[in-house]
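The structure appears below as structure tokens.
We call the chains A, B, C and D, going by the order they appear; numbering starts again at 1 in every chain.
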Amino acid sequence: MTHVGYLIAGWSISVAAVVAYAGWVLLRGRSLSRRVPENRRRWMMPDD
Amino acid sequence: MTLLGRFPALAGVDLDITPGEIVLLKGPNGAGKTTLLRLCAGLCSLSTGQGWVLGHDLNSERRMVRRRVALLGHRTGLYDDLTVTENVAFWARAAGADSTDVYEALERLSLTGRLADTRVGRLSAGQRRRASIASLVVRRPELWLLDEPHAGLDQQSRDTVDTLVRGAATAGATVVLATHELERIAVLEPRVVSVVGGVVRADDPTDSQGPDASSDAEDDRRVS
Amino acid sequence: MFRDAWLIVGKDLRIEMRSRVGLNQIVPFAVTVLVLFAFALDTDQEALRTYAPGLFWVTVLLAALLAIGRSFAVDLADGAADRLLLSGIDPIAVFGGKAVAIAVQLVVLEVLLGAGVVLLFDVTVHRYGLLVCAGLAAAAGVATAGTLYGALVAGLGVRETLLPVLLLPVVAPVLIGATRAFQDAFGVAGAEGWAWLGLLAGFAAIYGVFGALSYGALLEEA
Amino acid sequence: MTTAATESTGIGDGIPATTSSKATKVLGWLTLAGFAVLVALAFAWVPEDTRITEQGDVVGQFDAVRLMFVHVPSAILAYTGFGLTFLASLAYLRWRTDWWDMMAHASAEIGVLFGGLTLVTGSIWGRPTWQTWWEWGDVRLVTTLVMVLVFIGYLAVRRIPADVAVKARRSAVIALVGAVNIVIVNRSVDWWENRTLHQQSTLIARKIRDETLFTLSFSFAVGMVLFAWLLLHRFRTAYLQSQIEELEVNEALAERRAEAGISESPGGRP
């Protein structure tokens, strides 16, 4: 296989960036969720 | 309700003002007097509730309100690098007034002679305030909104402000002012309205609306 | 409406003439940038001549940021911006007036800087007509886009840093077009100068229309 | 991290404090599974990109072609994000609802993320293929760079503490101007260098192997699912933020009323 270094760099940077961003959004969503009463979080209502 | 950022500056307003009235807003600093005046000028928006100024809806016709009122705030609204005459002439022409109005206004606020050709940046606080008032007089407003018009002024300029208020009222304009100089204004027999904690209530028991008419979510502000 | 626009033009230009901020600060800044470019390119007269058009326009853009910021700072300094809202002047007239005033200042700056480039970088002008037209069109483009973005960031508190971030990517086409047109006018590269002039004029027209249409919505608030 | 709460199904044991829902969980697992398949396809199934010229030389991208499966979907997601921001901003200016404002914000952020990744992966691909990290003569590259810069500025405006409505309106105008600007930049850069290194529409113009084509399409699909998952979570975060701001306003309002000496209940008087 040629260009192994480039392949590893390209794929891992992409995965790392998306995972980091997703993690940041999820964690922020979690900490914000705790401060908002349940009835204002519509998507978590059981019958949604 | 009117929000300043996330801070509710006004939390309940229930006020009716009839044309030609002089209304004195009384209350501690930070109570919402400035916001109420800016609201009446069409410079703030209502977050909830309704209001009318000079027959225009504050939610949808603020542009109509703006051109018919004069707001004297803490800032002069003048350009430091222009002379008094240039400043007054600029605002006069912006309002469609002509040069005779400019000289008349300068005369009324005793801004004649050398003073008229001085750059605003070189004037004293009192002179700047007078120049600011002159640039409002030329607009012939139907509603005057004066925020602390006496603050930081010398004796002569204070007298000028009183004369202006009296003159405006005699000419049929409505005047709403917030000031700490209660005894100066008392001779004009204004209607006193108290502003506390963002809630505005008329102290005068002869007010047309009873206290029940006010509700939390509604601003009801009429100047017809 | 035209009367109101001219009123704003006259007011802004008179303030600039009185305060001399442009002459005492912005022009010296721009000339300093030109001198720094010469230092950066290591006294290579040939390189300076080749790159003079690009260096000239980068300098103009940097100076334009200051002029645009200044134009809005003057209104915000002592509450005149609120007065403009209360005056009932049509927002389109305010936009047009401010843009024309900024464009006039930019043209003056271009003339002074152009003289600087001819003297310092040793360029010779081959096509005067193209030079003048491109200079005017680019000034109009930067002024219209700048007035729109100046109003967008006015009163947001951090406008000094925000304006460059927003405006510079947007005026990149002006830099490309004006540089190409000047390369042709200076005879340093065989670009199709008049075609680039079309791009500059189109840019100014698009931002002129866009600014005029959206200015009302931007000023509506407080 | 409190992982226990999110792993549960969310029904019956109270409402967990997350931005997840049934829909996002499905999308999330789909993304992970799709990504695993994509890796397998990209590295095990797709053959290296080679051609033999008339002179008998072997040319092509070789294994660097496998970078396409992150680069191309990134570019598509970036443009999807910015396109959505443009539409949401238009919709905001038309209807003035917070929903569209939050949608514009969420999609712009995701657009910038993938726009940045497009530039980085493009650079990494360009080095072995074009022998350069950056090629100014390529229109798409330069356009994408300017577009990402414009939307970084957009996000900077969104981060300024200011009145919600003021910020929403100004951001919307910036997004509209930014989108129009993309077209102008694209045209001017095209004329600027009347040549382009980029493969003109790779999918049609040149012969492309079936395996590569299929994997590229598959990577678009995975990318779109990932986009939807990110957008839902990001949008809900923005929504929570606005809810918290509203709660704070209500609190401050109650305080303000207490200051004035009236009770909290509507119509009530001391």
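Here is the rule we use: a residue touches a chain if its C-beta (ideal position, glycine included) is under 8 Å from a C-beta of that chain, and two chains touch if they have at least 3 such contacts.
All values derive from a computational prediction rather than experimental measurement.
The chain pair with the larger count of C-beta pairs in contact, out of A-D and B-D, is A-D. For the pair chain A and chain D, the distance between C-alpha centroids works out to 12 Å. Work out the mean CA point of chain B and of chain D, and you get 48 Å between them. Note on chain placement: the centre of chain B and the centre of chain C lie 38 Å apart, centres being C-alpha means. Put simply, the C-alpha centre of chain A and that of chain B have 52 angstrom between them.
Shown for chain C are the residues that touch two or more other chains, namely 221. Within chain D, the positions touching two or more other chains are listed as 162-163, 165. Residue positions of chain A with contacts to 2 or more other chains are absent. Applying the touch definition to all chain combinations yields A-D, B-C, B-D, C-D. For chain B in complex with chain C, the residues that touch the partner chain are 38, 41-45, 62-63, 66-67, 69-71, 73-82, 86, 90-91, 93-95, 119, 135, 139. In the complex of the two chains, the chain D residues touching chain B come out as 161-163, 165, 245, 248-249, 252-253, 256-262, 266-267, 269.
Of all residues in chain D, those touching chain C in their complex are 93, 146, 149-150, 152-154, 156-157, 160, 162-163, 165-166, 169-170, 173-174, 176-178, 180-181, 184-185, 187-189, 191-192. Interface residues of chain D facing chain A in the complex, by the touch rule stated above, are 1-2, 6, 10-12, 15-23, 48, 62-64, 66-67, 70-71, 74, 113, 116-117, 120-121, 124-125, 127-128, 226, 229-230, 233-234, 236-237, 240-241, 243-244, 247. Of all residues in chain A, those touching chain D in their complex are 1-4, 6-7, 9-11, 13-14, 17-18, 21-22, 25-30, 32-36, 38, 40-41, 43-46, 48.
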